[in-house]
Structure formats: C-alpha cells, structure tokens
Amino acid sequence: MNIVKATLRRELLIAFRSPGDIINPLMFFVIAVSLFPLGVGADQEFLREIAAGVIWVTALLAVMLSMDSLFRSDYEDGSLEQLLLSPQPLYFIILAKVCSHWLVSGLPLVILAPVFASMLALPEQGLFPLVASLLIGTPILTLLGAVGMALTVGLSRSGLLLAVLILPLYVPVLVFGTGVVDSALNSLGTAGLLALLGAMLILAISLAPLAIIAALRISVS
Amino acid sequence: MNIVKATLRRELLIAFRSPGDIINPLMFFVIAVSLFPLGVGADQEFLREIAAGVIWVTALLAVMLSMDSLFRSDYEDGSLEQLLLSPQPLYFIILAKVCSHWLVSGLPLVILAPVFASMLALPEQGLFPLVASLLIGTPILTLLGAVGMALTVGLSRSGLLLAVLILPLYVPVLVFGTGVVDSALNSLGTAGLLALLGAMLILAISLAPLAIIAALRISVS
Amino acid sequence: MWQWLYKLTSPKWFYTISGQLMPWLVGLTTFLLGVGLIWGLAFTPPDYQMGENYRIAYIHVPAASIAMGCYYMMAIMAAAFLIWRIKMADMVAKACAPVGMTFTALALFTGSVWGIPTWGTWWIWDARLTSTLIMMFLFIGVMALRSAYDSETAGGKACAVLSLVGVVNVPIIKYSVEWWNTLHQGASSLSLSNTAANPPEIWMPAFFVGFGLFGFYLIAIILRTRNEILIRERKAEWVGEVLSATLLVNQGEV
Amino acid sequence: MGSFDSFSDFLAMGGYATYVWSAYAFFILVLIFNVWQPILSRKKYLKQQLRREQVQQERAQAQQKREEMTNGSAT
Amino acid sequence: MMLTVKNLYCERDERVLFQNLDFSVAEGEVWQIQGSNGSGKTTLLRILCGLNDEFTGEIYWQGKEQSKTRQEFNHEVFYLGHAPAINKTLSPKENLSWFCASRGLRNNDQIKKVLNSFNLYGYEDLPCYLMSAGQQRRVSLARMLLSQAKLWIIDEPFTALDKQGVQELEALLSAHALAGGSIILTTHHSLQMDYSIRVVDLDAMAGLVAA
Amino acid sequence: MMLTVKNLYCERDERVLFQNLDFSVAEGEVWQIQGSNGSGKTTLLRILCGLNDEFTGEIYWQGKEQSKTRQEFNHEVFYLGHAPAINKTLSPKENLSWFCASRGLRNNDQIKKVLNSFNLYGYEDLPCYLMSAGQQRRVSLARMLLSQAKLWIIDEPFTALDKQGVQELEALLSAHALAGGSIILTTHHSLQMDYSIRVVDLDAMAGLVAA
C-alpha cells in the first residue's frame, strides 16, 4: 500500500521536525513518575509494591495527554478535509496515522519504562512482563484516545474534556496491564492475560479506525 | 479596589457560564484518583499508605491541566492586550484573575479531597491535615502554573510543554504537602510544616504576579 | 573594571577575544585533564574501603558541581538579559542549557554506575540524587521552552523568566527534598566518602580533573556562544567578513 | 603501570572494570558531544548560508531573464 | 452533465441560506457562486463535495447519486477550501508528495515541474512556515494541477495572491475548462477571464424560515 | 503635540518595515497609516501604544518619553486591535462594565446609553456569541466612547460593519477630532469623512536590510 507508506513517512517527518511532540510526552511521563516517590515516600520495600501501578497510570495519562497533536494541526490547516475526501481507503490512512503517533509517543514510553520501573525498585522478574504489557497495551490506549480526540478536535477548548471522555474507557486496559505484572511477581503465568490484552488490541485495531472516521466526519462538517 | 472586585466578578461569571471549566478538572481528579486502586491493588492496608501521596499528586496534575483556561481565551480574543494596557495596577488584576481561577478549579478539589481520601482508607487523623495542606498548597500550584501558562499562551502548540516546565517546580509543594499528612499520621506536629507552606504561599503571592506580568508581555508582543 | 564588563557585552569583542583565547584554553584543558585522568586512573593507590571503583569520583564530583554552577550561571545571565537587555547574556544563557544538561546527565550516570557496587542499587530516592534529577528536568524545561518559540528574542526573554523562577525554586527544592528524605530513611547510611580526610595522592588528581573539566565547560560554552553570535549578528559588517572568509575557505570542501 | 601490576590489571580495575570504564566512557562521550555538536552546527550554518547565497543569485538571474523577455516582447 | 444539483435547501440558525437551488455543471463550464459575506457560499461548496450533509435535495454525479459513488467522485473531484491544507513544518515537495499518494497517484517527478510553473523555484525544500502567505497559497494551488481531477471546487482561490499570481491562476482556470474540465468557485475578486462564466447568486436565494 | 515619533525603525525577518519614521500627532488631528498587506501597519500601532518594543527610535507622549509615563499614557490612550477583546460568553453590558473598571472609571450608567447609540438596544444582556460579527464589532467600538481617552489608536475599525455602521463610525471619529481628540487608524476602506486626514504611507518606508 503506497498510501500507508506515504502517510507513515509524512507523520514521522512532522514529528521529527517538531521534537516537542516526541519529547514532551516522554518528559511528562518521566517527571510524573518521579513525583510519586516524593509523594508517597522513598521506602524501597514500599515502592516496589506500587511501581507497576504507578508506571501504568502515568503512561496512560501521558498517552492521553499526547493525543492533542494527533489531529489538531491537521484540523486547523484543513488537511483533515483533504484526508476525508481522499479516494484511497480511509481505514488504512487512519491506521497509519495512529500507528505513527504511537511510534513517536507510545513506544518511547515503553522503552523507557523499565528504567523507571527499576528506579521504583520493581523486582527484576516484573520488568519483562511490564514491558510486554505496555507494548500491547499502549497501542490500545492510543487507538481509544484517537477516537476521543476525533470527537473533540472540532471544539475550540477541549482541554480536560478528552480526559473525562476516555479515561473511563482506559480502565480495562489498566486492569489487565497491571494484572500481567502482578501475576509475574506472584510467579503465576502471564500468557493468558497477555493474550487477553492482545485480543483487545486486535479488536481495537479493527474497530477503532471506523469510529475515528465517523467522528472525524462529524468534527469536520 | 474596584478593579479587583470587577475582575473577580468577571472571571467567576465566565467560569459559571462555561461549567466545563469547573467540572472537568474535578472529574479528572476523581477519575485519576480512582485509577490508582485499580492500578496498584485494592488492599486497604496498602492504600492507606499511599492515599495522601496519590491525592496530592493527582490534585497537582489536575491543577496543572486546568491552567489552560486561565489565559487562553483572553489571549485569543485580545482581552489580554487590553489588560496589559490598563492604567490600573496590573499586579492586583492578575492576582484577582489567579485567585478566581483557584476558586473554581482548586477549591473544589480541596473540598472533595477528604471524600476520596477516606475512599483510599486514609486514617481519620490524616484527613484534616490533608485538607489544610491542600488548602495552602493548591494556591501555590495555581500561581506557579499561571507563570508557566503565561509563558506558553502565545505558542500555537503548547501541549504538554506546560507540564515539562512547571512540574519540576511543583516538587517542594508536593514534598511539604505530603509531609504534613505524614507527620500527622506519625503523631508529630504539623504546625511547623504548615507554617512553611504558608511562607511559600506568601512568597508566591508576592513574586509570581510579577513573573506572570513579565511573561504575558513577552507572549503578547 | 566597568569598561571591561561593558566590552564583554559586545558580541564582536567577545568573538575576537574568545577566538584568541581558545588555543590557550584548549591547551590548558587538555593538559589538566590528561594529567589528572592518567594520574587518577593509573597512579593513585586504591581506596582501602571501596577499592578501585572510587576512581569514578574524579569525574563524578566535578561534573556534579559544574552542573549546579551552570544552572546559577544561566540564571545570572537571564537576569542580566532581562534587566540590562544585554544580548550577549542571552546567547550565553542559551549555551548554558544544553551544556548544563549533559553535565547533569554525566553526574547522574557516573553516580548511578558508582552506586551499583557501593550501595548495591543504581538508584535510591536520596535527597541529593532526587534534587540532581530535578535539576536535569529544569534544564530540559528551559530547552523545550526555547525551542517552542519561533522568535529568538521572545524565546530568550521567556527562558530568562523561567530560569529566574527556577532559580528561586532550586534552593527550596534542595532543602525540601533533603528534609523529606531524612524523615523517611536515614541518610547516614549513604554518607559519601570524605575527600578532605584522604591523602594528597588521592585528591591531587581530583584538582587537575576538576579544573580541567571546568576549562572544558568554558570551551563548550564559548563554542556554542560563538555560533550563536554568527547567527544572530549575521547582518553586522564584521560578521559578514568573518562569514565570507570562512565560506571561501570552506567552499572547497562543501 | 603506577599502582597496578600489569596492564590487564589496570583494565580489570580490581573487578570494577564495568563500572569504572563505563563511567569514563560516558565521560568521554559527553566531552565529544559538547565539542562536536557546536562544530557540526557551525558547519551546517555555513553550508546553509552558502546555499542561500546561491539561490539568491539564481533568483536574481531568473528575474533578470524574465524582465528581458517581457521587455523584448513589449518592444 | 458532470454535476447536477436538484432542489437543494439549506438553513442555519433559523435562516434559509438557499432554497430550490437547481443547476447543472457540464464539461468545460466555469461556475461562480456569488453572494455577500455569510450568504452560504462556503456551505454550498462543502455540500457539493460531500463534507457537509446538513441539507435536503439531490446531488448527482455523472447521472448517479453522489452519495453512492463516493470513491469515484473523490477521484474525479478536487476541493480546495478556505484553509490551505499545507503542513507548515513540511516543505512544498513533502506536502505535495503526500497529496499525490493520498489520491493514489505516483507522479513524484511532476511535482518539481508543477512547483516551477507556480514560480516556486528554489523553495521546494524550504519548510512552509518560512514562506509568505502568497507562496503558501501557491503550494496549495499546485495540487490542482497534480490532482488530475475533472471537476475543481475551489473556495476563494485568489486570496493572498499578488497581481501576477492572479493572472496566472486565471489563465490556468481557462486552460482547464478549455481542456474539458469544469470549475465551481467563489471569489470576491472580479474575474478577468476570456471565458464565459455562469453565476449562482445566493443573495437572491436567502429567506427566513417560515414560522 | 500629543504624540511625537522620532526616527522610528523596525525590521522583521530580515526586512525593514519602516525607517526614519517621524511624525507628530497634534490635538484634533486624524492620522491614517497606509500600506499594503504585511507592510507593518499593525506593528506600528502596537509599537505606538507600547505593546511591542522591538524597535529603535523615540516616542514622546506630551513631551515626555512614553516609556516613562506609562500609567498616564495608558489613561489617555485607547487602543483597539484586530481582535475584538470581547469575551463571547459575557453579555455586552458585562464586557463593558469590566472594561470601565479596568480603566478606573465608574460610569456604569453610561454603558446603556452608549450601547443604544451603537444601535444595540435590546442586546445588552445577550451573550455575545449569539450576536453577528458586526454586532460584536459594535460592542468593541462602544468602548472607544466609554474610555474617555484623548488619543484613539484603532486598527481596521471598519471591518464587519455594514454601510450604516460605517457612516456612523465616521461621524463619531469626526466628532472626536472636532472635540480636540486625536486619532491614529489604519483601514483598507476609503474614508469618506469631512475632515482633513494626514497620511503615513508605509509602503514608501520599506527597504531591505543592508547586507
């Protein structure tokens, strides 16, 4: 698919030209994670218990807050209209856009997560499950967030509205994601939960773009 | 001061006309606080240890994210220019603006905090110190956030930039704020720490408006 | 004295003087760093407690203190820019942020690496570590703000305001974090080995590396500032001459 | 080799080789970055300046040509 | 007939923008939509190209109902709205190459030629935010030529163009119509084309909603 | 002389917008700043009222340096920019009453009268987002009368006004000047006032930065 390649190329180029879009979600993640030990105390014993939960919740907030750059500038400069009038299959264009957004805002979090997890004293056997769960979970977050963003991009001051709309939808991902790490720490199998997350991802990949397209049509008109 | 009264009146009117500005930070706070038990596990013993920290970190994020509505619309419709050209003392106008913003976005958090603290099993002797620390601490957060907002209001795509700028500056408030609750739970005196927070508030009230004015002049020109 | 300070605010003077000074500075720095590093790495006896790994101190300690100094320098330059509108001050402040960030990163990295054998973990939420981490965030924040502005002057002013707000906060952060930590866990278990109590063979190389690294810090700042001068003053006649001269030389290779 | 018995001893750093040498490697990295990046950006700037001059010349020539053509057709 | 509009009706905020609107655009025709500010020109163009469905009435594309031949319609129609649809961090070349891909074309070699013909030589690789409003407009218009569409629907194409740019664009529009293409456009500028132009006047169509 | 400008120079993006600009505005004078798009009219007005300090040269207000008499200057000068400075969730009355407070005036009773004179009778308590662009503009202009300023600096005041609105505004400007006030304005519309108007033409002032 030529259009998928072209869209990926375009989005990644834009992201690398305005590095804030990549760095800021990552920095938000890093700073917010560092706030927790300051808030709840630096006791190692204690930190390891909350490490996975804190990392997951913060990653979730970072992904949600990074959504703003997905459709906003396209909406404002009229590219979104052109996109909706494209004769190429919209489903794949949207998927490529969301995918590249995940690559620049979600993937760096996943890569950096183990560093901060071990700063929060997460035991070693929890590291790999954490990364695996984030790797499968954050794309779901990005897809769901994209639906919310598509719904609110036409509103002049969306701000925290997006948070109120999509945070509740994030709950299952959070529960299963932290569940994976929990099972690993309790020496239980993680395959089942990861498979469940995988199934959710497949569901999101197949349905979310349709919802996004519908939402974008509403926002543009 | 007539102008202070008039500014308070105007800001509160605007806030009550667009209730999202009041409800959304509160909803964000509520949802984000509820995510933590889901993320770190619902064990009561354990939740009580993190309750104060989680409430403080979430309140801090909510305040930070609510800042967008402080100067954004004034910047866009040109009111900010008029404000900077006012012959009245700017210091007090700005202070009145920030104060009314705290009244609609910070105060509700403070009022709702004990409810969520007890949902997170915070022991009773921690409730009053928590509220007291939030009552003194959130205005500091609002003032510092206003400086960051004033610096970024002119940028077309600020996004998470505000978070990167001001979250590090929030650290002392967070540390002293949770310190108050901690001391109370360990049956130590809280007066000293609260006095320290109060001193920081006075410092912020006297210096932050100056920084805000300087930053707004930069953003508007 | 005043005249000299006044001269410093002239980009042209800074450019020429720093250009003349550079070879000396580079020579001195290479000498100090070279002697210090070789001495420290190979010729000082091992520490009776930590063995060989204390050799990390030769870079860790100066890196940390220069990073902190860099933040204060940035704030002073910010004040000079805001109050007296000295353009040179803004150019130096702009150079301070990335240099300070890399030095902070160096202190963090060497400290963490050192922590693995000595503390058994590469990170604890100790007061000094936490405040160093936050200082790194402050540097990154300043850089992010500047890159978000299109206009050079507006970005400079905004960064100046932020640096000053930050510098008011730095001591408060340091103090608060120190206070916070002692309540939760004893800092005594982490007390860092005291260089003053050690014999001169151990701390002499530290002086060499320390001053050498400081020299390097100056070089890094000067290099960036010189670039900035060329870019911002490109319309000045003397820069035009410098540019066309270097362009002529470079045309061959480009 | 100073306080070490042999060069391999020096490399081994009393068993702390990974820590000491990785710290020094990062140190060298920081040194290189802080010199290399400004030099690189200086080169880039010079190149850009050169290209700008070229484009300006080309545009001036193209403009001149167009003017000549329109003048020619007018007379 | 390429595009046929039957009995179109649209209202907004209690005000009828147009009603009983009928017209057909044939090959080689240029239609101008006229009307004062806020009379509904932009709204009409967006309805025609399918971005707005708050209307009643029928639109046919080459005899078939427009909403049922979307893909084909999108292939053969090019829309340019008020907004330039140019990403400012990308260069003209990058912007246009994505545009070509989004229309399923592979004419990357043509991009440079088209840019030259729009007087953008030397700007191909400059990020668009460094360009003036008029130059950005030219990049936006360059897509018209690349699109290979039969019908161009363009909203205020002359904004931000200087005198020379206006003349060139008028020549381009005439050439497209002469080659058998069709054009629907709005403009506040008075067209100076050697080509007969048909007009829809929306001011005459407005009215109040019957209570 | 109310406002004296000496040797003003301003450049942007390598382009000199104006240089060696000198003029003095006396009481009862109306000055129009002319120039094509992007020639620097808005920039000049913002410099004059102190919102922009990226310039060299001197500005005097009633003989004193402007930057040293800020408070007095802000009292006696009214600026209206491109943006209307109207909060859309507030009603005209609420908007204007804050404006009065921000200038230290207590003329709440006048607000209604002024609104009536701007043909906004019945709209005093409607939130502004329900009003048309022209009506919003009138609310914005109403502040001119309320401000009690001697010098009005107004950027494109005629935008979005209908014919009648334009006539009324022109009459208002003349009246202000006749009463001894001064005006500096920009407009693309050709003024039809019975009043002699002085002109600064910025197109003549532009130039390239010396290499």
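Residue numbering begins at 1 within each chain, and the chains themselves are lettered A, B, C, D, E and F in the order written.
Quick note on the criterion: a residue touches a chain if its C-beta (ideal position, glycine included) is under 8 Å from a C-beta of that chain, and two chains touch if they have at least 3 such contacts.
Just so it is clear, the structure is predicted and the values come from calculations on it, not from any experiment.
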Self-check item: Set of chains whose contacts include both subunit D and subunit A
Solution: C, E
Practice problem: Going by C-alpha centroids, which chain is farthest from subunit A? Tell me that one. | Solution: F
Quiz item: Quick check: more C-beta contact pairs in B-F or A-C?
Solution: B-F
Quiz prompt | Taking each chain's C-alpha mean as its centre, the one farthest from subunit E | solution = C
Quiz item: Taking each chain's centre as the mean of its CA atoms, how far is subunit C from subunit F in angstrom?
Solution: 48
Exercise. Please work out the Cα centroid separation of subunit B and subunit D, and write it as a whole number of Å.
Key: 44
Quiz prompt | Averaged-CA centre spacing for the pair subunit C and subunit B, given as whole angstrom | solution = 33
Practice problem: Provide the list of subunit B residues touching at least two other chains, using ranges where the numbers run on. | Solution: 18, 73, 157, 161, 164, 167-168, 171, 175, 182, 221
Self-check item: Overlap residues in subunit D, where contacts from two or more other chains coincide
Solution: none
Quiz prompt | Contacts with 2+ other chains: residues of subunit F | solution = 54
Self-check item: Residue numbers on subunit C that touch subunit D, as the complex places them
Solution: 37, 41-46, 51-53, 55-56, 59-60, 63, 98-99, 102-103, 105-106, 109-110, 113-114, 116-117, 216, 219-220, 223-224, 226-227, 230-231, 234, 243, 246-247, 250-251, 254
Self-check item: Residues of subunit B defined as touching subunit A within the complex
Solution: 18, 20, 23-25, 27-28, 31-32, 35-36, 38-41, 46, 49-50, 52-54, 56-57, 60-61, 65-66, 68-69, 72-73, 157, 159-161, 163-164, 167-168, 170-171, 174-175, 178, 182
Self-check item: subunit C-facing residues of subunit B, complex
Solution: 144, 147-148, 151-152, 154-155, 157-158, 161, 164-169, 171-172, 175-176, 179, 182, 200, 203, 207, 211, 214-215, 218-219, 221
Exercise. Enumerate the contact residues on subunit D facing subunit E in the complex.
Key: 55, 58-59, 62
Self-check item: In the complex with subunit A, residue positions of subunit C that touch it
Solution: 121-126, 130, 133-134, 137, 140-141, 144, 147-148, 177, 180-181, 184-185
